[in-house]
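Look for subunit A in each of the two complexes below; its partner is subunit B in the first and subunit C in the second.
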Partner chain A sequence: MNTTLDIHSFQEKLDKDYNIEPKDVMPDDYRKHLIRQISQHAHSEVIGMQPEGNWISRAPSLRAKQILLAKIQDEGGHGLYLYSACETLGISRDELIEQLHEGKAKYSNIFNYPSLTWADIGAIGWLVDGAAIVNQVSLQRTSFGPYARAMVRICKEESFHQRQGYEIMATMMNGTKEQREMAQDAMNRWWWPSLMMFGPHDSDSPHSGKAFEWKIKLKSNDELRQKFIDKTVQQAEVIGLTIPDAQLKWNEDKQGYDHGEINWDEFKRVINGNGPCNKQRMDHHKKYHAEGAWVREAAAAYAETISKI
Partner chain B sequence: MTNQEALYIYLLRLGDNALINGHRLAEWCSRGPFLEEDLAMTNIALDNIGRSQAFLKYAAAIDGKGKTEDDLAYKRGEREFYNHLITELPIGDFAYTVAKQLIMSCFDVLVFTDLSNSKDETIAGIAAKALKESRYHFVHARDWSYRLGKGTEESHRRYQNAIQDLWMYTGELFEMNEVENILLQEGISNNLQEVRSNWINLIMPILQDSSIRIPTVDYMQTGSCKGIHSEHLGHILSDMQYLQRAYPDAKW
Partner chain C sequence: MDTQLALWEVFIQKKSGGDHTHCGSVHASDSAMALQNARDIYTRRNEGSSIWVIPSQFVTASKAEDADMLFDPADDKIYRHPTFYVMPEGAKQI
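After this line comes the complex of A and B, so read on.
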């Protein structure tokens, strides 16, 4: 095989904005980068089921309970598409889960924060899914075909989640004094971690260089963060929530908001394992994965028996 | 007991069964043996919660006191719940949940088949939808019954134990009391004694094909038709009703 030629055609495809498909020859580093990014995305969907799952049993109405259950199922479903997209790159789901358990693969930092009140379910839907959408909309045009196609479907569902989360916040802001306090408190706790979801400033983003060349990443961390802030500030104002940033100010020249400095020490500390729930989230995932081993073995043994009949 | 009172209690029972079963199944969220099963269990939970909403809404209308389905779900105490005891038992291990689901889905398929022909059109409508869902729940439980029963030594042992432990909760499903008798005469509900023999005909071959010994028990638990429950229900309600109870003036 003439690798140079293949890489050349890989480059040509990129230049012409064609998708790269699983059977195409691609540079090893492109493959590795995608496995890292898509698996991190898949793990995030799955670990994110924990903080939201924390409120299923206590959801305050039958309607709210159904919406939350359906939302969490959507997230699990996104995890499935993304694991499948990742498997097309030649790695198995078992290996990906092993990497997660060994700490070699990460998941979104945001899920290392706890969901303390019902308003947190609103804040997660509105802010966390809202931030995720901004990122995922741009990924609909990412260069790897299976990832781009997964994003199209995921974005449709995430925009529902975002509206449903906003509805929870709006209802609470329209409610009793205690409900309004709960909603503002959730806003205060989730705002900054949501901004951190876009990653470090462009000047400090270690994986971005190649990702742009390969058209995996199409917009920078700061561009995406700005987009999120600009669309969210107004939504907060409409329902009477205050953004917990004294320096937040409309900038006429850039037609966007200026914001205060993000606490990057906290970001680094949580990413490196010392957030409120890092240990809890991983222990939970490991525990139930291990507890399910006998079920997976039984299913495999039965499938084996049946295949012989 | 008037026909209307009987209908109200009957609807509470249908609604509570779905609500409490759904509550328990939802506990599998993020705890499944693999992601597909996590989703399957919570999907069945979702069907159940939807069904409970429909039955409780109708119960509230029959009651005629201006309550909503949420008032009935969130503001009744444990002695006013009529779900079968089996639904409130903890989820246990995966084998225990599969055994619960096999027992309940066989029951649900048969009951909703009958109720989809109920003279009460609202019940018939809800039952027709519930029947479609329950057929899927049944297939899911049946297939897992085979896998666990014939999978490995460990899965067989766990599943056999689960069926053994749960069997004493099956007698209650087929009890006929004043409520059922009144509504049976009206053509609204069905004959649970007939359901019992159909249920045995449905579940026995599945257990046999799963290499599971049919349990013999000398005592069947009872009580839920009088609102007498296990100790588990109170904890479910204190969890489920927490926000509605703690903030009674709030709308969510």
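After this line comes the complex of A and C, so read on.
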């Protein structure tokens, strides 16, 4: 039970912008909110390896293949940082994976879209990782210490991810007509889902209120989305890509772009399990998790043997 | 007989939210004494906002002679760094 005094000191820490550490007293709902958010973030890193893994064997050069392998390896590492941070809140890795498999925990909706061409690898690095970076930079100052520190590490590593994606897009835009069309097609398919990554509009965001009070969240969905759009439009223009939004327009007053309405019906449809790849992503994760059971069993048996020596 | 008590490694977090960084060790008979000693020895000038102590015997360290084997493989993977990539002229905030 949290005593009034404990809550007071929790609140006092938040007020003074001190971080909350795993052994500090915290309200149950704060803990629950963080477990939900950090585990969703961890699952996203791991599930996000699938659309990119799809292109390892078909990367157009050895250079491209090495880079893609290194990037996917990073995503696995990011998943591990985040699972570990989440476990400090008193939940086990097994429970987290179980929640994913039972559909109780989610992962980022963006990974329910397929990677159809090589240009998609460019678009994922540039747009999807670009959007993730905007969110993660803000989370470096989130109130829970282990989460904040994981974000600092992840942000340092993400910078290469976004640049390799943008380099792919720039290279294709300097290529043949077919390559330019392929890059634009990837742009057209990934732009809107990337904007959806920031979540519903502020007026319609179910988890935001408490998250702001607790300083887990520091910037709103719409603020972060705006930041992403404002920096990405210029990057698209420089390499000759068109943003697939007829209503996109510079707004002098707000010193930012106005954009067209996001298709929230699609967002809801995909998040509720009816996107192009939801089933494929989960089936894949479950299959390989089950196939790896013998490794976990062997490790546990070894640990038990060692403990008896 | 050793009268100096067991060795504990001390990690200090400078300010809230930061990493706990190793700063040295102390002798102590239990964790409470280790914390107290660490506080007295390593935080006399506001160096810390939090202290971790762990018995030194539980630290497993890599061997110096293994350093090449462990860390060399990263040397030729310069593509893990953002500076490896050629950015188009004029592109901003990337």
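In this text, the second predicted complex is superposed on the first by the 307 of 309 C-alpha atoms of A that agree within 3 Å, B and C clash if a C-alpha of one lies under 4 Å from a C-alpha of the other, contacts with A are read in each partner's own complex, and residues count from 1 in each chain.
Quick note on the criterion: contacts are C-beta pairs under 8 Å (C-beta built on N, C-alpha and C of every residue); 3 or more make two chains touch, one makes a residue touch a chain.
Just so it is clear, the structure is predicted and the values come from calculations on it, not from any experiment.
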Touching partner for A:297 - first (subunit B), second (subunit C), both, neither: first
Which partner chains sit in contact with A:309 here, subunit B, subunit C, both or neither? Use first/second/both/neither. neither
Based on the superposed arrangement, let me know which partner A:170 touches: subunit B (first), subunit C (second), both, or neither? second
Comparing subunit B and subunit C in the superposed model, the one touching more of subunit A is B
Quick one: classify A:239 as touching subunit B (first), subunit C (second), both or neither. second
Look at A:18 in the shared chain and tell me whether it touches subunit B only, subunit C only, both, or neither; answer first, second, both or neither. second
Once chain A of both complexes is superposed, is A:66 in touch with subunit B (first), subunit C (second), both, or neither? both
Subunit A residues contacting subunit B in one complex and subunit C in the other 63, 66, 70
Interfacial residue positions of subunit B with respect to subunit A in the complex: 19, 23, 26-27, 29-39, 42-43, 45-46, 49-50, 52-53, 56, 69-70, 73-74, 93-94, 146-148, 150-152, 154-155, 158, 236, 239-240, 242-244, 247, 249-252
How about subunit C: which of its residues touch subunit A in the complex? 16-19, 49-50, 77, 79-82, 84-94
Sites on subunit A touched by subunit B in the complex: 46, 49-50, 53, 56-58, 60-66, 69-70, 72-73, 76-77, 79-80, 83, 118, 168, 171-172, 175-176, 178-179, 284-285, 288, 291-299, 301-302, 305
Contact set on subunit A toward subunit C in their complex: 13, 17-19, 21, 63, 66-67, 70, 74, 141, 145, 148-149, 157, 159-160, 162-164, 166-167, 170, 231, 234-235, 238-239
